[in-house]
Amino acid sequence: MSVAPSTIRPAPVKAAAYGGYHTRHVPQPDLEITSTNPGTPMGEYMRLFWQPVCLSIELGDLPKAIRIMGEDLVAFRDKSGNIGVMHRHCAHRGASLEYGIIDKSGIRCCYHGWHYACDGTLIDAPCEPDATRLKQTVCQGAYPAFERDGLVFAYMGPPEKKPPFPEFDTYKLPRGNKLVPFSNIYPCNWLQVFENIMDHMHTAVLHNKMVVEGVDDGTAAGLSLEGFGDMPIMTWEPTRDGNGMVFIAGRRLPNDKVWVRITEMIFPNFLQIGSLLPTAARERHSTAGCTRWNVPIDDTNMIIFGYRHFNKEVDPDGLGSEADCGVDKIDFLEGQVGDRSYEEGQRAPGDWEAIVSQRPIAVHALENPGHSDIGVYLCRKLLREIVRGKTKPDGLYASLTAEGKTLPIYAQDTVLSARRLPPAEDRKQILELNKKVLEVMRSADKLDADERDSHIRRKLDEIDGSERVGA
Amino acid sequence: MSVAPSTIRPAPVKAAAYGGYHTRHVPQPDLEITSTNPGTPMGEYMRLFWQPVCLSIELGDLPKAIRIMGEDLVAFRDKSGNIGVMHRHCAHRGASLEYGIIDKSGIRCCYHGWHYACDGTLIDAPCEPDATRLKQTVCQGAYPAFERDGLVFAYMGPPEKKPPFPEFDTYKLPRGNKLVPFSNIYPCNWLQVFENIMDHMHTAVLHNKMVVEGVDDGTAAGLSLEGFGDMPIMTWEPTRDGNGMVFIAGRRLPNDKVWVRITEMIFPNFLQIGSLLPTAARERHSTAGCTRWNVPIDDTNMIIFGYRHFNKEVDPDGLGSEADCGVDKIDFLEGQVGDRSYEEGQRAPGDWEAIVSQRPIAVHALENPGHSDIGVYLCRKLLREIVRGKTKPDGLYASLTAEGKTLPIYAQDTVLSARRLPPAEDRKQILELNKKVLEVMRSADKLDADERDSHIRRKLDEIDGSERVGA
Amino acid sequence: MSVAPSTIRPAPVKAAAYGGYHTRHVPQPDLEITSTNPGTPMGEYMRLFWQPVCLSIELGDLPKAIRIMGEDLVAFRDKSGNIGVMHRHCAHRGASLEYGIIDKSGIRCCYHGWHYACDGTLIDAPCEPDATRLKQTVCQGAYPAFERDGLVFAYMGPPEKKPPFPEFDTYKLPRGNKLVPFSNIYPCNWLQVFENIMDHMHTAVLHNKMVVEGVDDGTAAGLSLEGFGDMPIMTWEPTRDGNGMVFIAGRRLPNDKVWVRITEMIFPNFLQIGSLLPTAARERHSTAGCTRWNVPIDDTNMIIFGYRHFNKEVDPDGLGSEADCGVDKIDFLEGQVGDRSYEEGQRAPGDWEAIVSQRPIAVHALENPGHSDIGVYLCRKLLREIVRGKTKPDGLYASLTAEGKTLPIYAQDTVLSARRLPPAEDRKQILELNKKVLEVMRSADKLDADERDSHIRRKLDEIDGSERVGA
């Protein structure tokens, strides 16, 4: 795949041993796809989607000051249970509503008692002898917001473009699935955290006992993804007419089996991945173990909000831990959260260290991409084409959400039989399996939601049968 | 009153429910009247007046580094008792005089021992074989300074414009009055702290049990001004030919009484208010309970310096506490000082939270002013007219200070008889009382200082008698 | 000596008592000779020399993040003992190599395991199916580096201009000399720390019991240089064709003796000084007690790296302490390191307070230089002439380092006999002795290294004999 022009260095420098003097210049970051402040191309695009802004458990009897895409906001749940997400500073004289008093309906500014409903309308202004004019002309800047399974979502885009909230099959399937909310703060730009997901090959390095000699086995194991240690055979593909993409990772297992894993991004910042447990490589088919939104706080800070999925299909052995999911904590892998000492991070680095240390905003112009980066570069290219208006919105996504139907996803794990061949041929065979599994997932798009799962399982069984010929 | 042009938003946005997207832009602050750095219009105006720069008790055997209106300074008391207020960095090679050694006369820089008198003249330069030329050409940048009742004052303006220090009647009256110095630091622009005083109606909201449910009664009481809970009937007036202003707040009391309170600002940053105790609404007449200067540290930090007045007239029941007045502490109201936790501030907000949270410099262009803001907007308008050269200096102030006479003030509290009328008429009656009381105060301007108090009391008695007709 | 044009104030202000209003403007610092970021004149000049970047003891089993002249780097010792000094961010995707895993040879980035040799060449890229192209085109930006007597040196300039490492006579002489490494961090620009050395007269002030009354004798003594309390008679001279300079300080001792001390700078940032012990004024002749490089971290932070010399000649009574030399600590004088409280610094200021408090970058345009500053201004003038290309490189330095020979130094302490004369004549006599001693030191330049010491001692004896006539 080609690299977008703006990420190519203007005057390439020939690398040489001890050549630091010639490569020391640090160019500006690529703001077109990293900056999400109001009015930026990426910021306006991201505002067209519902975004999580905090966890439900963060809203008690006090308002919570939050910062999303460079906007200072306050979130609260009023005493009637309505959610307010508003500009932080009172429309009257600017006092912060983080010091406001939550009311039966809405919130009162502490300074003069101006009382706003959750939609921002002025209900009362006790210092005003005649508040009629004010009630007609003043509104606190507010955003539509609601709670869903422990996350608080807001829509910060143009009111006339507010979309329905997209429901994915995976939220309710398999039957009995439980969504457990969590967050995860990274003090760096959102994109380097998001694109890391398409950089699947790092799981075989960073998440495979990449520790300093002397680190104890328990710590090393906590940082490692069991079963992800072998280098996968990778395929990357745009999906949803360029509004999403997947990686497909095929891994050779013992006993003439191949494990095909698909992880999916839907732009701008949504993704679903399968299980991160060793059992991911055991079952015929399972889907999302985790749903995440990569939400910018501002250009140099971000917060992941997500749902861990708890069900028997993604976690047949019950290895996950609901209690370890919450505010800035998750139940898989050490090194995801900035809660360790600098030295601990050095001795046993995790995603947090590898990603945050790419600079406050990673400088793409300094990179030297290889095969493992194809997904990252495809992700950036697709985002750039969207913000430049070259990509049409996803029709299926639009029509299903408009109809209130749930959306298919492509993230999944499948284990298939496939006789081990000599390396070059085996690689080719696995690449073909990668494609076939994605085709199966896509072939369910047009079906009704309740038919998709059985259709997919049937199709995967067919592939499994056909491949088994040589076994 | 009209709002100054520069505070009107260029492209007004129609407020609407859930309209945050259209009102998210944060314009620049109004630097013409908020910035006081050297060379700014407001900064040059403010430098024409004596300003307090620290408390006497802060000057011991070590120099104190201070920052006033963006200038880094050092203050000290030499061993002869002279006060020095100087540029912080030594005129020789820039070492800070906060590490200087205080001498019998002046201060010595620690680096090369250059020795400056309090006026900045070079007394000695021990490393210089012939210091004659240096003594003639080098001066440490110094400002005239002196102590008065526990505050250290300096004059930072052009030497040729140095005014006499203005003495107010209230400093010595009533007989036996005691001035107790204090300071109070706010990490925000000076103007939002200063103008808050003309925003008197907030006392009926913020200072009236505006706390989150569950806060204990003692905390709530500590944050509340007893007697200020009813919404006052307000009048705002320029005074001193536009060089000052007052609010007059009339409040209906039980038993056909009305309490008329006047608080006065003298520009640029001086103010006097009456008592903040419940007894303010009990006596016929009392004057200043507090004198304050709102001094910029820099554009985003400020410090109030002031005197609490301790005397039997403003505090007949002896409720105040001298021991609670000092460096960044005062004896009235919780929530004035930044010494509480974030959560305490959220549960029981005070002036500190309401004012600091207006942003480092409040953005006037985002405000939606109402009736309660008339005083704030008048204050800004008058300041703007002064820095634009449209206002003549106050002749009375100039002539009295030149003659060494004390200055009259208008701040006071009075209780008058006035039969309660139906609401609309009562409001009219109170507005008339507001005006009459201000007239009484102004009518004493031309009198000799020792005649003013009895004149005012006689005039107030007359009003009280005439109003009592209907009772 | 003349002051360089750029340091003269454009519109000189006549200093006057209480004239702070007219001298409050703070101009920009003189970046031509203070800034060392990549591409600046001074930065490029400084990069032509080997610079210490950390201490050997700072390199253990973890990489060390360092910042030198505004470049973010990482230093490490691989398991074969090779030293790596590299750009901090991995050439692949920017993850920091401070989280890299040190290998038998070089270092591995934790993210994708890219493995670099100490010269920056790519040895392995485990995620890349075919890393051949990458190995040919990608290099981590690296700098040549090595260890020497406990310091790690790197060369950060253009590869084609890499010089030999200069060895000075003093490193090995006197026989048995031991070099003990140390560092010393100053949060300010490098130049104000460096030039302080040519400002020798401050030793008679700052380092001579310049403490607030009441400080105990032990603390005062720890801050004072015994024997440096009398004001020296100073001479300053360029050396090495303008690529270095010395001060020569002559001090009258009791018993018709004169102590002549020479301290030498070699530009851009190297210096050697004699002993700081009272015994410096006792022996006929001794040389370096301390070698230092003043290395910029960035424009507002710097770190001294140096060697304390331990031998019987500079410290005949064994007063120094090796154990007190190390990471940000040295064994002479309190007040060199930022480890004291603010109040301790105020009560008993040292170099750290006097220098750091000159502002993050001292503003030369505000200075009023006197006699004591001649050395400082000469230092700046010579540096400016070098970065403007007006000074030819030092031929002797170049030829001796090219031949692998050790370099002579001029730093030394000598005690000579000289009958005390009336003050004016004595001053003249001492100035002549100053010149003579420097001439002696220079006369050894052309000799072989092993002949220099005896030549110098013989010549000094001759001077001593001739001066003794009058005794």
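By letter and in written order, the chains are A, B and C; residue numbering begins at 1 in each of them.
One rule holds in what follows: contacts are C-beta pairs under 8 Å (C-beta built on N, C-alpha and C of every residue); 3 or more make two chains touch, one makes a residue touch a chain.
A quick note: this is a predicted structure, and the numbers were derived from the prediction, not measured.
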Q: Give a one-word verdict, same or different, on whether subunit A and subunit B use largely identical residue numbers at their interface, taking over half shared as same.
A: different
Q | subunit A on subunit C, rotation in degrees - Cα superposition, rounded to nearest 5 | A | 120
Q. How many angstrom lie between the CA centroids of subunit A and subunit B, rounded to a whole number?
A. 51
Q. Of all the residues in subunit A, which ones touch at least 2 other chains?
A. none
Q. So in the complex, which bits of subunit B are touching subunit A?
A. 15-25, 199, 201-202, 204-206, 210-214, 231, 343, 345-347, 349, 353-355, 357-359, 362-363, 366-373, 376
**Q.** Residues of subunit B touching subunit C in the complex
**A.** 38, 47, 61-63, 71, 86-87, 89, 91-96, 98-99, 101-102, 108, 110-113, 117, 119-121, 125-131, 134, 137-139, 141-144, 156-159
